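Have a look at the structure that comes next, please.
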Amino acid sequence: MEYLRELLTQQVAGYDQLPEVLQIFLPMLLACLLCLGLVAFIPLVAIWGERKVSAHMQDRLGPMRVGGWHGWAQTIADGVKLLLKEDIVPAQADRLLFKLAPLVVFAGGFAAFVVLPFGESFIVSDLNIGVLYIAAISSLGVVGIIMAGWASNNKYALFGGMRAAAQIVSYEIPTVLAILTVVIPVGSLSMQEIVRAQSGGVFNWFIFQPVTFLAFWVVYLGTLAEVNRTPFDIPEAESELVAGYHTEYSGMRFAFFFLAEYANMFLVSALATTLFLGGWHGPGFLPGPAWFILKATALVFVQMWLRWTLPRLRVDQLMHVSWKVLLPISFLLVLAAGTLALWREGSP
Amino acid sequence: MKRYFKDIFQSIWTVLQGMKITGLHLFTRSCTLQYPSVKWELPERSRMRLFNKIEDCIGCGQCVRACPVDCIYMTTEKRNKEEPPIFAADGTPIKLRVTQFDIDMSLCCYCNLCTYPCPTHCLVMTPEYEFAVQAKQDFLYRFAKDEPQAPPKPAPSPRPAGAR
Amino acid sequence: MKQASEILQTLQEQFPDQIAKSSQECLQPFVVVAPGAVAEICAFLKNDPALAFDTLMCLSGVDYKGSKTEPERLEVVYHLFSMRHRHKMVLKVELPREDPALPTVEAVWAIANWHEREVYDMYGIHFDGHSDLRRILCPDDWVDYPLRKDYVQPETYRGMPAAADKQFAERAQEGEDLGTDPYQAG
Amino acid sequence: MQVEAYAGEEMVLNMGPQHPSTHGVLRLELETDGEIVRNVIPHIGYLHRCFEKHAENIDYPGVIPFCDRMDYIASMNNSLGYALAVEKLMGLEVNERVKTLRVLMAELNRIASHLLSIGTYAMDIGSFTPFLHCFREREKVLDLFEWLCGARLLYNYNWVGGVSHDIPEGFEAKTREFMTQFEPVIAEMDKLLSYNKIFLERTADVGIISEEQALSHNVTGPNLRGSGIAWDLRKEEPYCGYETYEFEVPVGLGEHGPLGSCWDRYYVRIREMEQSLGLIRQALDRLPEGDVHEHIPRRVRPAKSEVYDRTETPRGELGYYLVSDGGLIPFRVKVKSPCFTVLSLLPAIAKGGMVADIIAIIGSIDIVMGEIDR
């Protein structure tokens, strides 16, 4: 944001003549709009991408008509259709919560984009507690999901909401613990600091370090569960719960859930990129932001690949994976990371 | 404990194997036919739309009796002796005037039982498959061309439900 | 493996009074037993080690009203099979068309539960002692028993028309104008 | 004590008749306690089309299209059972070519049916890709059928005393081609789905049908064989000359958990497809000459008699009880549906499981509502 302000001061004549409030506020607004654009744009691409990936994995073609080349405009057309649909609120639903829930889910994903370091200076706000902020704000979505499940006054939705709550809360713990293994050697919670700590070649990325290599997989699995993707998609398990917590939603409200899901997919991939894959670092022939997006996209692709390969776990098995497999591993990893850090400090 | 690690290993291994297969399928040719621009050539035996070449129909009513869902309606009357003799394409003399030959395609079950007994093979199922219409009544295909000449008989009493 | 005649003989020895009649000449020999004894006989057929009819293949009702060859009655037919000995038999029970009732064989073969519900649903035959004798295919408040030969379809069900509308061809024949025939036009 | 205190916490969940994975219009009344299912009450009849009443009002050949529509996934096998029953009633013997063609088509149809059942089962468990891979293969079988008799789903192929069409020219070669490319697909399905750890976890100790339950509920077909009983009517009561073919009857072995689980039933179907391939190959090899319309009677009018005849369809033992009073229309046609009997077992095996298990069980018993409701 500071960068944006500097940019505006240099480029726009008379910008420093504006009132001080506006000088601070305008870059904020611009940054917000940029973020919103990203949050809206990334899902559009991701949804189209997922449809194409799934189609080709299943020997189909996927959308081919809208927009000409491989149906690139299909998601836009779908979005327009969803916008134009009738807004239905079930008669017995809790109207306020019902309407609020998609916004809460969407806002959670949206707010987390603030601390994503797209490039050396491409970050809205480099909070010094960036990692903590992301862990906290991205869990806001679960509140929205429970609201949706409860407010719909539908038993399937309720089931979905309850499952989501149990799942997201359980997987938060191993994920955050595994993230700690990165925070310990870096000594900072700032996203930019973490990226900077991985500078100097591919082998300085945390994924190629002894302890954090395992931590990467724990984080990847944990975040996969947090964004409700297969094999952990039980809150919206369509063959069991029809559509889970968004059974009763249609039109634009459903689109919000949908956008939030894909925005979250990108978000957790971007988080993993920042923490383990060197963020915007990469060979010089591409700019930093391009590397960042490329790496995150690759992780999103793996998420899709998994989804179109695997069946779905059952609730108890899901809990088993979290509490009996990932949690012990992440504890061990934190222990190992701490020992390593102490050992390194002792022998410089 | 051993089982615990074996399970973890097996999960990872089978997941990777599955991913290998789906990954390979990414690059195999897809089998989609882009329907409205590429049309499917149906084999000649395809049973789609019914067609009756009314010029060859001798009005024997075998199709009406064979139809298990009663979707063919036929009314005939005797041709006068004085009228010039006419023949179907295969030489069968036509002794009856077909004044009604209606097929309600919305009732048809595409079983093909009506075309087998047809002695002049004038009733056939064609491989044409695009015949959607806007209104259900447009599915009533009326093939008869002749007008009844004798005074019409009183309409038969409606069929009792569930009986034939 | 036992022949039908041997099975009949065993049954006749065991239940001399309950066997109404039997036929050995037809395609599949059958035994007709008294309605009241059917549960007892079935239990015997299943538990006797030499017979061991462990599966009930089929349980059907038949309404003989209007038959050209048979007297008017209802019939319940049990097709039994023994997986162990690989032999079959057909057991029949004849019932009057008014207030038909016979004991259930649910306790002998669990599948009889649903089969008997279906027969009750379609023919109105009561199975005494059945644990859950509700209609199974028709709605709970359906009137009359559809597979009886004298069944008349109701005009309406809960205010909805139950009979089919008049077909288009009939309407056209009565002179109603249904527009042009697209087949002829195009 | 504790349980009683929470007795009011149970919730009734109405699953179906419109639900993505109740395989048609099955309605289940679940009494759930959280995720645990305390009781299941199946309600059927939503697809009741009065088959038996219809059959009492149409002549014998006219019933065949309606038979096709009962188990619409395996129409060839359905009409085969009916045709055989009527032939038995009339004492009609068909020639060898008809018999071989019937076996050929029944086995092709069995593959198509099992592909659908496996594919939808994968989808019930949450895996989409196998579903479409199965459907892609199934389409190829349906293409063959369309070439043969003009219809893709409801064939009206098996007639009383014969079949409707002889095979078109080049059909043999095309079938062999299909078989060569289909065999690797089974192996691929094994890798992608059967031995996937998540799939095993979801299915291998769920929905156990014991031998005793299976016999008492007259469970038949792959569901019975999944419980370890090698019972196949094609072996035990051969029809259409099945006794002259070489094939094995795959049974569940309980390799991954207790015998008779969902996984065993699923895997029996995979192995059965392989056996069907062998049967098709044998049938193609021997295909004798003959006229397929040779024994079709001008008028189907059996003498007064009755018969119960059963055949092995992909879903199990399909029985037809026919009563003839010597007329042109059947006096009574009763169908014993294999799905009907196995569905009656659902409450017994589903109690105490989780909601997700209900789906796994329904998928594994492979029901078609059209046949249950008739």
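Each chain gets a letter, A, B, C and D, in the order it is written, and its residues are counted from 1.
In the analysis below, a contact is a pair of C-beta atoms (placed from the backbone, for glycine too) under 8 Å apart; a residue touches a chain by one contact, two chains touch by 3 or more.
Being a predicted model, the structure only gives us computed values, none of them experimental.
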Minimal step count in the chain contact network, chain C to chain D: 1
Pair sharing more residue contacts (C-beta pairs) when A-D is set against A-B: A-D
Averaged-CA centre spacing for the pair chain C and chain A, given as whole angstrom: 61
Centroid spacing, where centroids are CA-atom means, of chain A and chain D in whole angstrom: 45
Centroid distance [mean C-alpha coordinates] between chain B and chain A, Å: 53
Computed distance of Cα centres, chain D from chain B, in Å: 26
Per-residue overlap in chain A, given as positions that touch at least 2 other chains: 57-60, 308-310
Multi-partner residues of chain B (at least 2 other chains): 15, 18, 21-22, 25, 31, 162
For chain C, residues contacting two or more additional chains: 151
Set of all touching chain pairs, with the criterion as stated earlier: A-B, A-D, B-C, B-D, C-D
Residues on chain B engaged by chain C in the complex (per definition of touch): 51, 73, 75, 100, 102, 104, 106-107, 131, 133, 135-143, 155, 158, 161-162
For the chain D and chain B complex, residues of the former touching the latter: 53, 57-58, 61-66, 68-69, 129, 133, 136, 139, 146-151, 154, 156, 164-165, 168, 188, 191-193, 195-198
List of chain A residues in touch with chain B within their complex: 53, 55-61, 64, 305-306, 308-310, 325
Chain D-facing residues of chain A, complex: 54, 57-60, 155-156, 159, 230-231, 233-234, 237-242, 308-317
Chain C-touching residues of chain D, taken from the complex the two chains share: 44-45, 48, 50, 52-53, 56, 88-89, 213, 215-218, 229, 231, 236, 304-308, 310, 317, 319, 321, 323, 325-327, 331-332, 334, 336, 340-341, 344-345, 373-374
